[in-house]
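Both complexes shown next keep chain A, but they swap its partner, so chain B is in the first and chain C is in the second.
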Partner chain A sequence: MNKRKNASLLGKRYLGCGNEKGTIEVHETPGNALGAYLDGGRIRVFCNAQDATGDTMNAGEILIHGSVGDAAGYAMRGGAIYVQGDTGYRCGIHMKEYQDKKPVIVVGGCCGSFLGEYQAGGVILVLGIGAEDRPPVGNFCAAGMHGGIIYLRTEHLPADLPGQITAKRAGREELTKIAPLVRRFCREFGEEEEALLSSCYYALTPNTRNPYRQLYVNN
Partner chain B sequence: MALSELYPPYEVVRNPDRCIACRVCERQCANEVHRYDEDLKKMTADESKCVNCHRCVALCPTRALKIVKTDHCFRENENWPKETIEEIYRQAGSGGVLLSSMGNPKPYPIYWDRLLINASQVTNPSIDPLREPMETRVFLGKKPEEIHRDEAGKLLPNLPPQLELSTPILFSAMSYGSISYNAHKSLAQAARELGTCYNTGEGGLHQDFYPYGENTIVQVASGRFGVHKEYLSAGAAIEVKMGQGAKPGIGGHLPGAKIVGDVSRTRMIPEGSDAISPAPHHDIYSIEDLRQLVLSLKEVTHFEKPVIVKIAAVHNVAAIASGIARSGADIIAIDGFRGGTGAAPTRIRDNVGIPIELALAAVDQRLRDEGIRGNVSLIAGGSIRSSADVMKAILLGADAVYIATAALMALGCHLCRSCHSGKCSWGIATQRPELTQRLDPEIGAQRLVNLVTAWTHELKEMMGGMGINSIEALRGNRLMLRGVGLNEKELQILGVAHAGE
Partner chain C sequence: MLREGIDGVRIPSGCAVSAIFSKNGHRRSGENIIRSIALMHERSNGLGGGFAAYGIYPEYKNLYALHLFYEGKKAKEACEEFLNEHFDVVNLSKIPTRKVPSIKDEPLIWRYFVEPLHTKLSESQLDEETFVSRCVIRVNSEIDGAYIFSSGKNMGVFKAVGYPEDVGEFYRLEDYKGYCWTAHGRYPTNTPGWWGGAHPFSLLDRSVVHNGEISSYDANRRTIEMYGYRCNLLTDTEVITYIIDYLNRRKGLSYEETASVIAAPFWSAIERESEEERRRLTYLRSAFSGMLITGPFSIIVGFTGGIMALNDRLKLRSMVVGEKGEDVYIASEESAIRLIEPELDKVWAPKGGEPVLYYLKDPEMV
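Let's look at the complex of A and B:
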């Protein structure tokens, strides 16, 4: 698909569903499931997006110059979603990675509750721009997380992190991984790279890949 | 020998006159029950490890072995049977949730066995299926309500995508991971030869099995393992798994120990990582949300594939099915509470859900009452044990049935209900190479073909007896059923008269 502009997509669902190449630009609020099963190419949205953006996405890039609704990047396995503003509930839920497939979600603002629930792989970076005085995520962040990593640009960790999560202040090694994501974010949305990178980041990782191992007894 | 408050439930009986100490039993037992005692120069057994899978019995060359239930007992107590007491011991010792496999073994009513099929006498003569054509082919999918013609009067093709099956029997969802590569290969080959479909379950589709796409139903469940565009496009239909009869309302959990090699590749998750399917789809909270997933799956496959929505049979199944029939789904699969599983919490398996017979009858009736029966086809599953069960399901309103436990038995399963241990001696519910190689997929496929061919022939015999020559004409024909020993309410829900009426 060639680069195209379309002004009559207001509320239309499944835009770019399963696309493999090309660029779609969206200038009016798209409907749910934008870029579901996306397999390559790029979708650039110049307003807010709704629920289920990038559902089960496999490759490609979704860039949202605005905020996004619930369940963005559900079960995403590859590619990247960059959100300038905030996300709703359950962002990055059940995100997973496999070999060279390593999904990325970068959020400029804050995320709703259940960020990275059941996360099994991939990277979520929340920059929390404008929310420097509080945790940039809602309740139950990383509930059931058993793989991947969540980076939060904050000095205020959420108070209710589950027991299987280790939160560690990002050191030089982590910052070298965060830097290219921040750079891509700033190039797209025009933020100050230096200022963002010189902040405090926390890395959340699960301390087990088998969170339910002790739960059962054979009968 | 392990010290335990649990006395072994089985005894290994070895006939010393027949045993030649060839040690086949020792090599074949994945649970390490048998051992050769060098000092005594004879075979011994630790029956505490025995799961009664019959592998040793079946392969003993001198038929020296049999497994019997122990007569060791507790003081008799109707309120506290042996199983209940032992479950308490297990939980007191471990603090764990009881985990079981295969279908609900409890003595709930089996309505199939309370239903009888009609036959013609004198009038409306019966048909001999050996001489006359009998149509067992079925088409699953939404049927158009109106036909449209062009100006020349020619029919405009407006038929939504259909799943064409040569017999109304499909193999139901079992993931690669819960069962072995060779078991999947057997199912795929048999489905192709029979002109029906097998179902990937939520484990992705192994690269080797893409050529069987026309006979494959690809499943999408809450974990979305191995789901991508190529996978969705590979099958003949897509199934959205909302629920499973053996464990309604809860998700799936394949332990990291089973995520090895090809299973990891096919699910597209790293080796050793747990594969967790959450209980709900976290993007589905309503019929409208379900519709969104169904339509997104259609969108990505260019509206060429029928979409199945699979649910467990639960209390208000009729209302749920009515919603699904309006969700854009083409087929609803209903899984009854006796359906099998590779692992489920015992309490859920044995106490949650309702029988498929009642659920199926209620759904078919509800969809008819609402005038939307043509919106969807119905597949019934959850312990279909014979061609008679298939026939009764069709007469209660099913378009086709799913079988899985029966299919596994054709592959060698002896229903020892130990799938969750991952040590299946028959090479079915395991990923251990030394065990999986025991199942030859060529032989497995042939045995599946034999089973379904035999059932199909029996279906034709029963159809012929009723004087009806196509499955399509039998669907929902409840006049061909009578109940025995059922109460008024049961008869009312099943929509059948009592025998003698």
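Let's look at the complex of A and C:
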């Protein structure tokens, strides 16, 4: 594997943009659009990342040993982003999936407002570690969501979930889907897998196949 | 100088802001703030850069420091006549600059340390700050080719058309020492860049640097012009400066309350608050409804003895705050803070509509 260690990437934009293979390690706060259009490579960040991380990424993995700014995984359509800490606003908005392309975002801490806004596909998992007494997301979570799924590890659902979203406690079937994501998270960041997996999870999904049908003209 | 709004040029947006504030009043040169804003070079396009610095004129701290752009000698003569009629001019000079290849077509740039003439002031029956602010508005709207772009005590704004790092070099900011610096790199979106349209925008000692664009601009302009302000620089940020001056100085609102007016929470969010908080927020939203600022913004407000950072309520622009000992750093990007202070005690992104305020521990120290 082509493993490269970079020492002075502070504030540099578009790192790893469109990479198809290889691993990049980042040790100083990278600039915006880290791993945009990533297409199979791996990026490991040992500090915080900024805005638009993994913008429209297609495949590969971004692993952030820290927190990330706004709009992480914006319009993502494949691959995975793992964040040890928190995300800013608008994480995973406009995410989509097609056939075998199913993007994944896993967040160890909490997310800002507008998590999964207009989400059309893919999986977002928020573990909310350290925030067990409150919702692990900000306002307007899942606003306009019409596909995909959001899992929240919490017993406190956000107060303002939109009407077209169904929040259901995750059963055995969902937990088997969550387990490999939690395992990958724990392997990377060293958390306790058993403790996380034995918690209460909620699954948020749009409650019809096309909840916005009434907004469009039938033709 | 080119006036905004004449050409219909439109370019994609992405300004940069940065600030350094020392809670214990430690005064530092402009070198670090220039490095910080320069790291975000790609967020600007060379059509505007500027800085505000507080605590830089201790030897004249009881006088208003007026910084002026003149389009020519005629504007200067007309303006100086006005200034001499209304103020005792204690000191005047050109603002020192150095030649920088990328900074072109500079106007005449002058600085005056003044106090209002006692006879004029008592005749006006206004308090001193209102008198000075009215004089500033009058010069900017009535004297052709003269712009007062800085008018506070013991502070100053330095701005130009160019990249911020070049603007800092042009104004020799390494020669000034302030306890607070704010900076802006401009990427004008709706109007062409010109010297008066660069940030910061200031009135008296309050200055604003802004990344974003105001959707409610004209509603805000019409509201604020009812109270004697004139939006004559034809760019959205100046209206924020006047709204803050009006709410904070004239109406006596705190900066937290001011934030609850300009970045008011949604009614749906207000409904979930406690009874007391709901009443407070409902009052502020209703009493000053024309001053709600919508659209994307992150702003840094400098004022004597303090600093405020604020995002729009939807947080459509980025803003990061870092702390190290007694020093505070605020910037559009975390990397612009890490460059000048790699080891921070704390770093976080404030929520939309959540003001972050810092004050000098002892306001008398500067």
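Just so it is clear, the second predicted complex is superposed on the first by the 213 of 219 C-alpha atoms of A that agree within 3 Å, B and C clash if a C-alpha of one lies under 4 Å from a C-alpha of the other, contacts with A are read in each partner's own complex, and residues count from 1 in each chain.
Just so we're on the same page, a contact is a pair of C-beta atoms (placed from the backbone, for glycine too) under 8 Å apart; a residue touches a chain by one contact, two chains touch by 3 or more.
On a predicted model such as this, the values are computed, not experimentally measured, just so you know.
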Per the contact definition in the header, classify A:58: touching chain B only (first), chain C only (second), both, or neither. first
Between chain B (first) and chain C (second), which does A:160 come into contact with in this model arrangement: first, second, both, or neither? second
What is the contact status of A:32 with respect to chain B (first) and chain C (second): first, second, both, or neither? both
Quick one: classify A:101 as touching chain B (first), chain C (second), both or neither. first
Given the touch rule stated above, what does A:69 touch, chain B (first), chain C (second), both, or neither? second
Is A:13 in contact with chain B, with chain C, with both, or with neither (first, second, both, neither)? both
Using the superposition on chain A described above, determine whether A:50 touches chain B (first), chain C (second), both, or neither. second
Answer with first, second, both or neither: which of chain B and chain C does A:120 touch in the superposed model? first
Intersected contact list for chain A, partners chain B and chain C 13, 32, 51, 70, 114
Residues of chain B that touch chain A when the two form their complex: 87, 90-91, 93-100, 222-225, 227-229, 232, 253, 255-256, 268-270, 272-274, 276, 278, 282-283, 292, 295-296, 299-300, 345-346, 418, 420-421
What does chain A use to touch chain B in their complex? 13-14, 17-18, 20, 32-33, 36-37, 39, 51-52, 55-56, 58, 70-71, 74-75, 77, 90, 93-94, 96-98, 101, 114, 117-118, 120-121, 144, 146-147, 209-219
With touch defined as at the start, can you tell me which chain C residues reach chain A in the complex? 39-40, 42, 268-269, 272, 314-315, 318, 320, 333-336, 338-339, 347, 349, 351-352
Residue positions on chain A within touch of chain C in the complex are 10-11, 13, 28-32, 48, 50-51, 69-70, 88-89, 112-114, 138-139, 159-160
